[in-house]
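As structure tokens, the structure follows; a few thoughts come after it.
Chain nomenclature is as follows: A, B and C, assigned in order of appearance, with residue numbering initiated at 1 for each chain independently.
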Amino acid sequence: MKNFININDIVDYKSIVKEAIELKKDPYTLKNIGQKKTLGLIFFNSSLRTRLSTLKAAKMLGMETLTMNFKSEGWQLEFEENTIMLNNSAEHIKEAAQVISQYCDIIGIRAFAQLKSKEDDEKEKVINSFLKYASVPILNMESCCAHPLQALADAITIEENKKISNPKIVLSWAPHPKALPHAVANSFVNMAKINDYNIIITNPIGYDLNPKITGGIKIIHNQEEAFEKADFIYTKNWSSYNSYGKILVNDNSWKINKTKMELTNNAKFMHCLPVRRNVIVDDSVLDSNSSLVINQANNRTYAAQTVLKKIILNEK
Amino acid sequence: MKNFININDIVDYKSIVKEAIELKKDPYTLKNIGQKKTLGLIFFNSSLRTRLSTLKAAKMLGMETLTMNFKSEGWQLEFEENTIMLNNSAEHIKEAAQVISQYCDIIGIRAFAQLKSKEDDEKEKVINSFLKYASVPILNMESCCAHPLQALADAITIEENKKISNPKIVLSWAPHPKALPHAVANSFVNMAKINDYNIIITNPIGYDLNPKITGGIKIIHNQEEAFEKADFIYTKNWSSYNSYGKILVNDNSWKINKTKMELTNNAKFMHCLPVRRNVIVDDSVLDSNSSLVINQANNRTYAAQTVLKKIILNEK
Amino acid sequence: MKNFININDIVDYKSIVKEAIELKKDPYTLKNIGQKKTLGLIFFNSSLRTRLSTLKAAKMLGMETLTMNFKSEGWQLEFEENTIMLNNSAEHIKEAAQVISQYCDIIGIRAFAQLKSKEDDEKEKVINSFLKYASVPILNMESCCAHPLQALADAITIEENKKISNPKIVLSWAPHPKALPHAVANSFVNMAKINDYNIIITNPIGYDLNPKITGGIKIIHNQEEAFEKADFIYTKNWSSYNSYGKILVNDNSWKINKTKMELTNNAKFMHCLPVRRNVIVDDSVLDSNSSLVINQANNRTYAAQTVLKKIILNEK
């Protein structure tokens, strides 16, 4: 694997999931492959799970790690080409990416969508600029439109918990007070498609995700209908894609509760975290045995470890 | 040791002090017991000594460390149960503690008193919530009402420097421009009691500490009288406990100076640091041979190392 | 080497450059000399290259590292002697430096010039206070008036890229929208002098550097004349030294461009980074094969590693 930017960087998804599940049994077994290798983690946004699980994964591979909160610890970066840098940006990504490449063997980047302009966000200027100018592999720790480490952890969790070979998976929108990016939902959908999962999406009218990503997947605007006989309910808020970055309606009736979960086939509840309790989902669901949210977070470590391993060993 | 939250988590205080003094002679002797173990340090407040000494201690045990400044690097946490999370908090402690537990073998927490409500501070909601929801041992790196790592370092320092078996120890309030928590004073008193130290407390009227903690200990409101024949002067400012969190009077006459130290039995001067020079204590005392403040800070490392060792090995 | 504060701490500059170039070939060869040693890095200012390269260097020597962003993570420090600490500073450098010395075997300090008072900046109060009160070696990671790790990396880069034994080196001022310190330029000049480099300086009138540093070096106020037959163009902005910290004129005509580079002897272009593109220098120069800026940044690692090695082994 050369970089891990999105789903396409995984050649055989089923095999990487299997490998991660295997590695989880004895995660220190690869302690030596990262010797004399350094992972740089560059954060442009807050992070709990990604920060800790990726660091943990790197250390379990024997890697050294260098972490930077770029906004507070580094220099404001310029991403435009051919610009006269008279504004607040002190350094161009062109230098920054080349320089960091010399101190690190792999660079992880976390840079969220701004949700101001669809066009801008879809350009993925931060991660794509690193990809363009860095001379070492790039690891996506959540970009504007993709969060493939989360999707891989989700796939691991589904494999570990599914009771039938092709379970019904429902990706359900839920309300949230702030406008949120589409990255997690996008990557979950892409991951489900590549795994041929039996997935449907349910969200209010106006909240359909990017049709290029959801193409071929049924979208139902009636949540209760969607939940019927589901084996997994994967919940996530996102802002409107069509009215880009807007909160159209914060419909509390879309919150996940016990009654809705009872429509399912005793479904497992999933969410990438952080989750706003009793806004996205009721305590009664989150605190029930059906919830897999803690398992998902745990699998972030093994997702990262497996991806780092593939990059280090340059395996397919 | 399962957790290190307060003094009660130490079964045999004299023996843990002895052990720390022994470890100090060759602190890398236990380099292997932390292998494949990760210490997570979660800071909600500033820290110099605690941050560096605890990290150093962990590394000397061979542990990996993960550090987070939670407010700036993570998500704002919600601690209330059964709440509808529509305010600024993006994540509930319930998830955060469970999630961090999966990446760490021990979690250190630093969360100061707010000094707004006695009741709230005494609930110790941050550290107690971690204790409740985490699945791994919790290490108190200063909570609202307790700073047991500091007290342990203080006990080590007293043992190293005492000239008679049961020296007279005076805990003396001193003035400070800002309202400060009671954590250090509380833990020092608890530690002195468990060690049967000959301790008295001196502070202005209105500044008596929590009587549940000081019960059985003489409190003198005349500082000079208290200092007579003292072997150790342990100085600390705290805000009023009765008029909770208030500065009643900032009486400069309570500052520690040479003249007062001359009332003592050639006493050693102690303070947990940071200390405001010429406010809490005169330069002439702090810069004299009587001062043990640097030794105390040094012993923070061995206090932390001994506690981490006991947690890792699950020793009493 | 006892400390690395400025050029005078290097006894034999040519030999240390040679050593760094040798180490670069196999930088993990000294993996064992830092065992059980801890490098503390204390940042009072932003840093990308210094942070990452120094951490990388320490880790390649087998050292543990402790990093603190002092302003946000620690306590505000007081540097005045004999002061009554009633202002915002919670801790005196006297304690802080002694305390950190107990957790670290070497302490790196980064504290920029304030550019408000020449006298104050030249006192170098931060790094000199650490030097005065710490009990372990101090490493300058850029102080008010010196950046010797940068200068060493620059010397390594010149040695690696020079085509004749005594190349003509031009230090050229260039425009910048903000007032910048003199540290990099000062250390470059000092380094060039100690190496007997054939160096001249070119800057607008009013921008002459500290004459105590530039003494003996030709300063030309005509940039084009200076560039003639140059082998290396080392570019840097600095604010006025005479009208201390002021921007006298931001003369765009001093920007480095292709036409000016064509006046040289096919010179290599150098800059310490971060660099403002098309303000300091045109894209066409920075993106050409003549540019050594990325190499300079890379050599920061080997500069730091060689200096740390000399401190650890207490070599001359």
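Worth a mention:
Criterion: contacts are C-beta pairs under 8 Å (C-beta built on N, C-alpha and C of every residue); 3 or more make two chains touch, one makes a residue touch a chain.
What you see is a predicted model; the values in this text were computed from it and never measured.
Least-squares overlay of CA atoms from chain A onto chain C yields a rotation of 120° to the nearest 5. Of all residue numbers used where chain A meets chain B, under half belong to both copies. The two sides are thus made of different residues. Mean C-alpha positions place chain A and chain B at a centre distance of 39 Å. With touch defined as above, residues shared between interfaces to two or more other chains in chain A number as follows: 72. The residues of chain B lying in touch with chain C in their complex are 28, 43, 46-49, 51-53, 55-56, 59, 69, 72, 177, 273-279, 283, 286-287, 293-294, 297-298, 301.
Every residue of chain A that touches chain C in the complex is listed here, in rising order: 36, 38, 40, 64, 66, 68, 72-75, 78, 82-86, 89-92, 94-96, 98-100, 102-104.
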